[in-house]
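Chain naming follows the written order as A, B, C and D, and within any one chain the residues start at number 1.
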Amino acid sequence: MNLTGCTLTQITELYRQTRQYSEQLCEPLAIEDFNAQPTVEVSPPKWHLAHTTWFFESFLLEGRTEYKPCNGQFSYFFNSYYHSLGERVARDQRGALTRPTVAEIMDYRHHVDEAVIKLIGEGLTDKQRSTIELGLNHEEQHQELLVYDIKYILGHQPTFPKYNDRFTLQSDSHSDGKTAIEEGIYSIGFEGSGFHFDNEKAAHRHILRAYEIDNQLVTNGEYLEFMEDGGYSNPLLFHSDGWNDLQERNYRHPEYWIRKDEEWHEFELSGLQPLNLRAPVKHLSYYEAWAFAEWKNRRLPTEAEWEVAAQQPDFSYGKLWEWTESAYMPYPGFRKPDGAIGEYNAKFMVNQLVLRGGSIASPKNHVRRTYRNFFTLTSVGCSAE
Amino acid sequence: MNLTGCTLTQITELYRQTRQYSEQLCEPLAIEDFNAQPTVEVSPPKWHLAHTTWFFESFLLEGRTEYKPCNGQFSYFFNSYYHSLGERVARDQRGALTRPTVAEIMDYRHHVDEAVIKLIGEGLTDKQRSTIELGLNHEEQHQELLVYDIKYILGHQPTFPKYNDRFTLQSDSHSDGKTAIEEGIYSIGFEGSGFHFDNEKAAHRHILRAYEIDNQLVTNGEYLEFMEDGGYSNPLLFHSDGWNDLQERNYRHPEYWIRKDEEWHEFELSGLQPLNLRAPVKHLSYYEAWAFAEWKNRRLPTEAEWEVAAQQPDFSYGKLWEWTESAYMPYPGFRKPDGAIGEYNAKFMVNQLVLRGGSIASPKNHVRRTYRNFFTLTSVGCSAE
Amino acid sequence: MNLTGCTLTQITELYRQTRQYSEQLCEPLAIEDFNAQPTVEVSPPKWHLAHTTWFFESFLLEGRTEYKPCNGQFSYFFNSYYHSLGERVARDQRGALTRPTVAEIMDYRHHVDEAVIKLIGEGLTDKQRSTIELGLNHEEQHQELLVYDIKYILGHQPTFPKYNDRFTLQSDSHSDGKTAIEEGIYSIGFEGSGFHFDNEKAAHRHILRAYEIDNQLVTNGEYLEFMEDGGYSNPLLFHSDGWNDLQERNYRHPEYWIRKDEEWHEFELSGLQPLNLRAPVKHLSYYEAWAFAEWKNRRLPTEAEWEVAAQQPDFSYGKLWEWTESAYMPYPGFRKPDGAIGEYNAKFMVNQLVLRGGSIASPKNHVRRTYRNFFTLTSVGCSAE
Amino acid sequence: MNLTGCTLTQITELYRQTRQYSEQLCEPLAIEDFNAQPTVEVSPPKWHLAHTTWFFESFLLEGRTEYKPCNGQFSYFFNSYYHSLGERVARDQRGALTRPTVAEIMDYRHHVDEAVIKLIGEGLTDKQRSTIELGLNHEEQHQELLVYDIKYILGHQPTFPKYNDRFTLQSDSHSDGKTAIEEGIYSIGFEGSGFHFDNEKAAHRHILRAYEIDNQLVTNGEYLEFMEDGGYSNPLLFHSDGWNDLQERNYRHPEYWIRKDEEWHEFELSGLQPLNLRAPVKHLSYYEAWAFAEWKNRRLPTEAEWEVAAQQPDFSYGKLWEWTESAYMPYPGFRKPDGAIGEYNAKFMVNQLVLRGGSIASPKNHVRRTYRNFFTLTSVGCSAE
């Protein structure tokens, strides 16, 4: 989201819409679902709603004499990781926090919203404007994570409850298309003036050898072939760490695949469905994606290869995040900003790989070819911080 | 609870009251609290409500042609440990079960209640009567555990919300009273015809040497002296395993004691309170209780010693469970009943110690001197299975 | 071992023999074997040799002006658990201690032996005499543990090296004999004047109901029937904790049973042998022993039942330690001695069960019917502290 | 090591020298030291001696009719990770393997050496020649790891035994020198015909922005300043994962720094020494190195930056391995070789970072500017696979 050139009225409207969308995403939930943390990587929906609010309160409102905080402890509860802003609830204890209740969190949201909208109405400094822009993009990121976390929570109920039909990939995939790129020097990273995150900054030249890359997603059917060919039993297809992970967590199919009545099914946000062999395969860890590529005698692209391919008209993306084999590292010339906001990116630039593209749950304005998402190697799609 | 000699109308009434009391205990809770499992030893309140219902459904209604189950999966969700009755949700995943919702569980309760009440109205076989008696006593046990688990859940919120004032110990303790028992042969275990659990059965003679036992509870003030004398830093006062537990879990005061504004406070169900030095100390693990006794140059009683002392008029009990140093083992002559119900006691007769007496949260009719409660040695008061 | 009435010359001789026997037990070992700690419950043979020496040094020699310690750090290295005597090497790090070397430990032994023998020659106070007696019994206990630990170390080599033939049970077992005991009041615990450990003291009367007890050990053949009947797959036969242990550590047969060329073998100190179906079954955990009894519709005895039965002429024991279902707790009237030696027993009187009888590796003078051995419930025979 | 152009006699000589050097490195050890695995990352010296031998046996001798294996089980014992070559002893159980003994391993070495030298004498195919070259380089890698593992083993004895004086860094460091590199396109990776590992292959062009890099190592004195400035207590200086690692493993100074008599000491292979403030700081994890750079307002170089700087005459290296912030990933165009040898590199190309330069323990012919070493982020110098 980019507020450049927006009037105050337009900013107010964008603020309202974005904030309301988070709440709309939670409408299909039961109160009981808001608090669940079935695995440490998942954050409870209530926490997302509160943490995104805390961001505006901390970076925009706090310290202003006109602002009366809702509850002195919210900043303790919903700070996710900013050590420079004080103590936090341990990440794995978020699900234990039954209080404040959902209703109180909603009050907190509306209390902060009112104050932010009043502030916008009174005019914004450049710094305030860019903090709002960052806060809205931060909220959009959490909206995407909310969808993943909701999927995890509902997909781990024995009743497999339906959420809604909005996040179903409609079209089938077929992986026979390839995009060819010539050897050359290419520019990588964000250029121009629109909104972008720090980690995309500092566009720079990069040399690539000639390569060919699939421009379609791998299908469930192809992945099933890999499984039926003994993919999960062959240590030669896996990284050493990936093989260990397989043994430890003991999985032999993608997350959300469920064997029922001797047929494969897949839990989708629309409920439990028979596996569609022509739909793209979802929720693979990096290790699984890499092993599949090994089995195909292929390899995963680097993020630079992906980004350059994504400039080609025949290369489509934006349905599902795609693993690259690039470690998430700062671009040459990256310097982290000062202050608490600067803490964010650098401290995660380790032990994670870059994913590119965007998914059906990504905010539309985040799906751009320079966007760098990042996950730990065993992630199969849930909230990452 | 004892149904001997009750008319069907009286049984209906006792059934209704007992079942309603479980729901009343949950009235002060927010929906969010029903699902919390902040530590694996705690069961979510929703789970208690469902599991006690499942007991009546499984042992009384299932298999009757007139009974239509509410939902085929409830028996999977809320079986706690009976292997002979099939698969169960893993104990540490109870908090992840957001569905069925609280409202659905309440419907489940009322559905089963209706069927049970109809059954009672039609007359009961002896076996049905004793299953109902067992089910109501089982529910009463869970009512007590509910109180402990609610305390844990609310006591681990940073807001320390108040539950209600019903579970406050009114009177102070003073540990200067002693009861003396002479050497002799005493009868231990339940005799007579009232309700009692399997593990109390088989009254038997037991030889005791002369001993003297405190007939009052240890106070917070006395325990604080132990702390201030370096109790928690002295390995000589602890069992080897207790000392290791201390290092691993890193605690230096009783559960629910909170240091705030340089004063000790205690979380009670009535909210956070300044520590009352004259009130009895609560929520000690066996290791802590044993270490305190070492420090006093005393020892904990065996369960037989406790039970014999409890016959004396000057020996009061029933406010707080009291650790004995007796392992929870079958009495001589104990034989477990056949079938699933028989699974219950024997399989837990290991790695646990007996507690005696009863607490302010115990059902009144459970507080008898032969009642054998049991916990693992590190428990400080929460749901035990 | 009992020094009552021994002359100084006899004491010297008993001291020499006992100390030498520890070294003889290690003769079949390679230097490499002395240091191994393949699991935390095993102590390296070198450690046993040093720790038993440290006992004499600490409790008998230290502080005497005529005694020059061998190395100031030995007392740090080889203190096993006595908190009152200062810091110790963490138990799970004993195998990492390559220095001092075996040769240096032998020097340490001989240095201490020389000083002790000199001391004996000069005459002994009563306290010194009883410390030597305790030290020699302590060394004998460690000799037994040495054999178990050596078995574990060699039995976990892929080459299954032979140790020697001295510890082979010669006779077969047949479990058709039973001993019947009448209801009555019996005396339990050590009476008389011979050597005994603290925990046997305080003989006391105990009431027993009539019972019948097998007077022969269970055979490998009988245990194999249990296995072939699905014993390890039936949760109803196990304690809840036992079943969890089974799942976690994933074992389905007794320790040291090895399936090779489609036949069961057993690692013995004489090397890998085909399983002898008529020999007694060895190395069961308490959980396995209990499950076997459940399967047989029997139960394990209490320690009192065992001790009374052991007075009967038809009841043989001393080949293998036998699990009882009694928790290891102090006898009525037990008071721990003052000082560091007093630390020993009480601090382990928790989370352990009593075993009775003695094994082929036990010192002959330890096999008496009042001797109380104790292990954690998952132990199958290795060093316990 | 490069065998190109060597005569058979020269190859025999190089083979002999290299093999003997491994044994020489172990000469200062006691037998007890050969088996130690004080932490899972360390391999026992005996294991290094056997595994390097196994490499020649498996890849050069096995299957030849003239070759009689020494013991059929060695290939099981000392395969480190090659899944395509069958089962292996679990990595964390290497220290439990007391048999075969050191003497037997030495016999195994000499048995294989004899067969290899005979083979060389009879003439070599190209494939055999390159397998010998690879095997010798593999042995040299393990010689380096041997030194690190020996340091770990001896440095974790409470006696801090001296190894020898050969691995002491003589010269002091002073970090005031900087090397400046201009923006440009540089070639990265190995070119030419000498020996090199797979992962250096496929030289390729890389664009670098202008940068300045220290050409001297950081000193103990500088690192101490970081410590005294509260470096280890400041979460803002650490990666999020690094900070968690710090809390979990609870370290507050570099490995081998020991506080004794209120002064910092450092365990060196020459024994415990007072900390030399002017010597380069050693044994930092990546997290510590990164935090130090943050504190200095600097950053770690990428491996390309390091490699280009290393071409400059004022840039010295080879004393200590230097962390880069580049993930260990294949170079563009890398294809793993077929067969078991091909398993080696690719499967470790994840979760590791590249180190460059070489240490005082590195084989001289390995210290070249294209050499890519790699470790997990928490490593501070011990055997890596």
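The definition used in the following text is that a residue touches a chain if its C-beta (ideal position, glycine included) is under 8 Å from a C-beta of that chain, and two chains touch if they have at least 3 such contacts.
All of these numbers come straight from a predicted model, not from anything done at the bench.
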{"item": "Where chain B and chain C overlap in contact partners, by chain label", "value": "none"}
{"item": "Cα-centroid distance, chain B relative to chain D, in whole angstrom", "value": "57"}
{"item": "Inter-chain centre distance, chain A versus chain D - centres from mean C-alpha coordinates, in Å", "value": "37"}
{"item": "Distance between the centres, which are taken as Cα means, of chain B and chain A, whole angstrom", "value": "44"}
{"item": "Chain contact topology (line, ring, star, complete or other)", "value": "ring"}
{"item": "For the chain C and chain B complex, residues of the former touching the latter", "value": "81, 83-84, 185, 204-209, 235-236, 238-243, 286, 302, 325-327, 329, 332-333, 343, 346-351, 377"}
{"item": "Chain D contact footprint on chain C (complex, rising order)", "value": "30-38, 46, 73, 76-77, 89, 93, 95-102, 153-154, 156-159, 161"}
